[in-house]
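First subunit A sits with subunit B, and in the next complex the same chain sits with subunit C.
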Partner chain A sequence: MPGYLFISPAVLLFLVFVALPLLAAFGLSLFHWDLLSTPEFAGLDNFKQLVQDSATIRAVLNTFVFALASVVTHVGIGMLLALGVHRTMTRGTKYFVRTAFFFPFLVSWAAVALLWKYVLDPTFGIAAYYLSSSTNWLASPTWALPTLIVVDWWHTIGYTFIILLAGLQTVPAQLLEAARVDGANAWWRFWSVTLPVMSPTIFFATVITFIGAFQIFDPMVIMTQGGPDGATRSIVQYTYEKGFQAFEVGYAAALSLVLFVVIMIVTGLQFRLSRRWVHQ
Partner chain B sequence: MGAPVKGRLLDLVLVLAGLVMIAPLVWLIVTALSEPINAFQLPPQWIPRPPTLQNFQQVPDLIPFARMAWNSVQIAVITTAGALLTSALAAYAFNRLRFPGRDQIFSVLLAALVVPVQLTVVPIFIMMRWLHLVDTTVAIWLPALVNVFGIFFLRQYISSIPRELDEAAIMDGAGHFWILFRVILPLSRPGLTALGIFVFEASWNNFFWPYIFLSSPEKMTLPVGLVSLQGAVGGGPAVALFAAITLVVLPILVLFLIFQRSFIASIATTGLRA
Partner chain C sequence: MNQPLLSRRRFIQTTGGTALAASLAACGGGNGSGGSGTKELSFVYMGTAEQQATWNKLFAKFTEQHPEIKLKAEGIPLSNWGDFFNKLSTRIAGGQVPDVIQIATEGQRLFASKGLLAPLDDYIKKDQSTIDEYYADMDPNLIEWDKKYASTDGKTYYLPGEFNTMCMWYSKDLFAKAGVPEPTPKWTWDDFRHACEQIKTKTGAFGYAADSAYFGAIMPWLLTNGTSSFSEDWSKPTFDDPKAIEAAEFNRKLVADKLSPPPGGTFDAFTAAAQGKLAMFGGGRWPIISIRNLKATAKMGIVPWPTKVEQGSPVGWNGYPILKASKKKDDAWTFIKFLISKEGSSTFAQLGGTIVPARKSIANSQSFLTDAPKGTEYLYQALSYATPIPSPDKGAAVQKAIEDGWKQVLTGNAQPADALGKAQTALEGLV
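On to the complex of A and B.
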């Protein structure tokens, strides 16, 4: 049976590193365990604790705000940018702008987060200087989360932008030309031709941005450690704190299940809503 | 007259936006090349004053940079080669071979695409601890050898290759390994390249997994090493840290400028086909 032979490496690794851990996460969430002493069965204790823990609620809320803001800024500004780059006739401009906006995406979050900590520094950062501000954004309970949203936008917009730009290139020129002949102005051509053709791409970008944003961890852990006072703590970061710093493994597993459920519900909802606006 | 002027205005706005976008990176490199006493001056100097490499020489004293770079390369190469191989084998089987349970197994794999790695990290950490693999590079690449997205992506790619080609080879008595490696994979080169860049890049930049599993400096990858360096230089202006970040960013920039087309294609195709 060559079929089984060919799939066996992938399937074995899948069983060991995806399926088994997935089941184990469900199991672990029912225990109290600090990795050292004997695991102690706790039933739904971790989940009870979870809904009463104000830090969890805060982390879930922060993550939702972050994800919603990400989708709006990445897809919205990404679309404007893609339209602009698509329209420009100058090859040099096209090349430069595409490079400038895409390149940050290839830089690791670690490098981006460290660099931006200095960019935003109130005493010697260039952002503070050019915006003539002495606010310590990352230390401000009000501004820390919006600031991370901006940094995330800078890092990740390139991905959304390239996907939307590639989608724009699939819009048939004849269709746009036909609309032009029919007397449709630029706005109407965008609304009646470009947008419908692009809708599967925009849908894809929206879903992917949401899923990625719900799993955000790196900038929080490097730039703010979730602070000030939990203002930027995300679900994944809280999972990390509980599991690998406080060694409450069962609680961490319960938290990661919350993340999983949130992603499932939001993605499912998006697919359901997509029937109304995505053209197949 | 209206159109060209409008076009030029659009260009101007786009170029200005692009300049603002790269400003932090330019500031990074200029600062890394400055004498420590001149660095972090305001207003920022955008043209390097007599550039110096002394900050770069300081980096190896603070962290085992070469060692970390080697770890990153090693992990990224093993992950990419391994994930491409396991994905190609599975993708071929799921598209071209018939066996009981094929579609069901494929559906189960696909469903796992929505499982976030954060859900599996705690159990895998416990597993790795039990195998004494915590704080080794194996803990980083071993779980990454299976890439469900890669299987899905390559299966889509292979399904677009005409079946007549491999059917002819079967007539000639060729085995499935031969067909996969001599017929299918050479024809899948654009797909393999796109996926390969995608996987390599993700591994090279991965922070979450190495941050959890690696603790000794000589085992760390570059992203985790950079963050540990932040602790070593303290809170003040850190020219050495800027030099280290530059060392991480520069190779990617050079590679990107050479292979821009492939990088962009890898994002565009892996994204669009998913």
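On to the complex of A and C.
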């Protein structure tokens, strides 16, 4: 019995803040509800509508593109940055560079998005000035999503970088030393010592980045409002629009469940595949 | 009404949006501060930080007159009615029901049709002479529209309150510098375009800030071209009407010919105009606070919107309904009577609210016209030819569809007929 008492705070928190809302969302998704009148039972209507709604499909695709791009760039470039900082810098510059890379992550998305709106402004933005280009980045259906990916990269890469840097520092010096004595060159040492030791860290960074990217909302809402023509609308943003702008709360609940399932599946897959490359 | 028009407003809108999201995340639990159970009379209105001070002075006046009523007023800083109603609905759904709320045209029918409001008819009967005096001091159009659009079951839920119409604000300095005669109330789209071209050539300033705000930048062009976004009873969207397409094309050309800054940026029209970098922007009464802060009231003028087919302007007005769930209905009525009284109305006008007083006598008085641009009286006169802003129940979603389509045209990403046609399809799914 005392055992249950000890775990009860965690279990209670889980029940109240995870399990119950999840159940409530599932319940809501079976109703048509506009917030103000009584909910009407709708069965699976919302889910049927979801499969046929081209805007949903577009939002899911956008989110996938965004998530894949951010995982590849965050982990790839974050790794390069971490390696560079870890290897070549002196102690003092290391502190400075580490802070500089991490700093944008501390600034709230709202501020970052507004800042970049100014940078990218077609009339007087410095991007237009230095690139001497007349591209209206955020208003072009081709460029809007890639632009947001770059902005996200600027904002969030510091986080991945810090995780990877911490991972690098756990690589035992004696292993590297032994490899060096055995005549392995720098690339070979990286490939067969550093990378395997770091694989759990990289795995963690990948999973976290994926989940974060799937839940992206703020830059879309502030910088492009999901436009132009739905080119940057994410799943979470569409959920918000349906729930709190179109008053289709049931449909929004169904959408949020879809997001939940997508994240579950992708994360599950990652764990499954991780057996092949992550050293435990 | 107070549509997000420009970058400053967009800023408020977006930050407000984030705050909204945050508060939604936080609103799961308590409903402790619901107005109906407490001793205070609770009033919720839309007010940005800039407008808050004005409202507070008005409330102070009310407390002075009615010390027996404790008023708890809460301004929600959003600059977009759609977001405001969403927030309000979420609150009400969560059990927080205020006694009185400010509701603009965009949400009046929605709230009335959901059975959330208490009819005012009995109160009106009781205070008939006060109401008669109020109505006698008002453009009859406002009374009629209020009856027609703000309720669907013949009962009165709202008294028509302050309103906004759309006129064109212009920089007298830039017109003089370019040697272009100042616009007259009867000017046309061609005159407007010509003025933009002249000013661009001679001074390098932009002529007009084309935008995609539903109330402030789309409706005036549609209405002056003899069309609208919806049929008269708001049941059928007409956004792909050839005249609407023509209006969108006209705006696109202003952007393409660089007479207007490219959309999607952070161009602040009020500041640009005060600095002589922009000749014209559309506005109701709300630019007044910024223009006063920029000390540019004397440099600006206001004229009716240029016309192609006929004079036109959207109009949206405030209503202050009492919630059915309120337990302080009598106090609420006292408060509403104060808001529509000569004194309440003129205090508000004087303090530089962002709306035009419903009372003709106040709108034509010094309290409203002092320290305001020449031509401010056109805002009231626009009532004679205005059209209530079409606002079916899903107002926020409707607004987004309309603005998205228009934005596509302005940026040149899509042909006007395609973009508006697509928006039309979306709108048909929303009504």
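Here is the rule we go by: the second predicted complex is superposed on the first by the 261 of 280 C-alpha atoms of A that agree within 3 Å, B and C clash if a C-alpha of one lies under 4 Å from a C-alpha of the other, contacts with A are read in each partner's own complex, and residues count from 1 in each chain.
We take it that contacts are C-beta pairs under 8 Å (C-beta built on N, C-alpha and C of every residue); 3 or more make two chains touch, one makes a residue touch a chain.
From a predicted model like this one, the values you see are computed outputs, not experimental measurements.
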(request) Please indicate which partner A:149 is in contact with in the superposed arrangement: first for subunit B, second for subunit C, both, or neither. (result) neither
(message) Applying the document's definition of touch, where does A:126 land relative to subunit B and subunit C: first, second, both, or neither?
(response) first
(message) Looking at A:229, would you say it contacts subunit B, subunit C, both, or neither? Reply first, second, both or neither.
(response) second
(message) Contacts for A:140 in the overlay, against subunit B (first) and subunit C (second): which applies, first, second, both or neither?
(response) second
(message) With both complexes overlaid on chain A, does A:246 touch subunit B (first), subunit C (second), both or neither?
(response) second
(request) Would you sort A:198 into first (subunit B), second (subunit C), both or neither based on which partner it touches? (result) neither
(request) Spot which of subunit B and subunit C makes contact with more residues of subunit A, would you? (result) B
(message) A:36 in the overlay: touching subunit B, subunit C, both, or neither? Say first, second, both or neither.
(response) second
(message) Is A:168 touching anything from subunit B or subunit C once the two structures are fitted on A? First, second, both or neither.
(response) neither
(message) For A:217, using the defined touch cut-off, is the partner it touches subunit B, subunit C, both, or neither? Pick first, second, both or neither.
(response) both
(request) Indicate the residue numbers of subunit A shared between its subunit B interface and its subunit C interface, in ascending order. (result) 21, 35, 109-110, 114, 118, 124, 217-218, 221-222, 240, 244
(message) Give the list of subunit C residues in touch with subunit A in this complex.
(response) 11, 14-15, 17-18, 20-21, 24, 28, 82, 86, 89-90, 92-93, 110-111, 114-116, 261-267, 393-394, 396-397, 400, 404, 407-408, 411, 413-414, 419, 422, 430
(message) List the residues on subunit A that touch subunit B in their complex, please.
(response) 1-4, 6-7, 9-11, 13-14, 16-22, 24-25, 28, 35, 81, 84-85, 87-90, 93, 96-111, 114-116, 118-119, 124, 126, 129, 154, 159, 162-163, 165-167, 201, 204-205, 208, 211, 214-215, 217-218, 221-222, 236, 239-240, 243-244, 249, 252-253, 256-257, 259-260, 263-264, 267
(message) Can you tell me which positions in subunit A touch subunit C when the two form their complex?
(response) 21, 34-37, 109-110, 113-114, 117-118, 120-125, 136, 138-141, 217-218, 221-222, 225, 227-230, 240-241, 244-247
(message) Touching residues of subunit B toward subunit A in the complex: what are they?
(response) 7, 10-11, 13-15, 17-19, 21-25, 27-28, 40, 42-44, 85-87, 89-90, 92-94, 97-99, 102, 105, 109, 112, 114-127, 129, 142-143, 145-146, 148, 151, 175-176, 180, 201, 204-208, 211-212, 222-224, 226-227, 230, 237-238, 241-242, 245, 248-249, 252-253, 256-257, 260, 263-264, 267-269, 271-272, 274
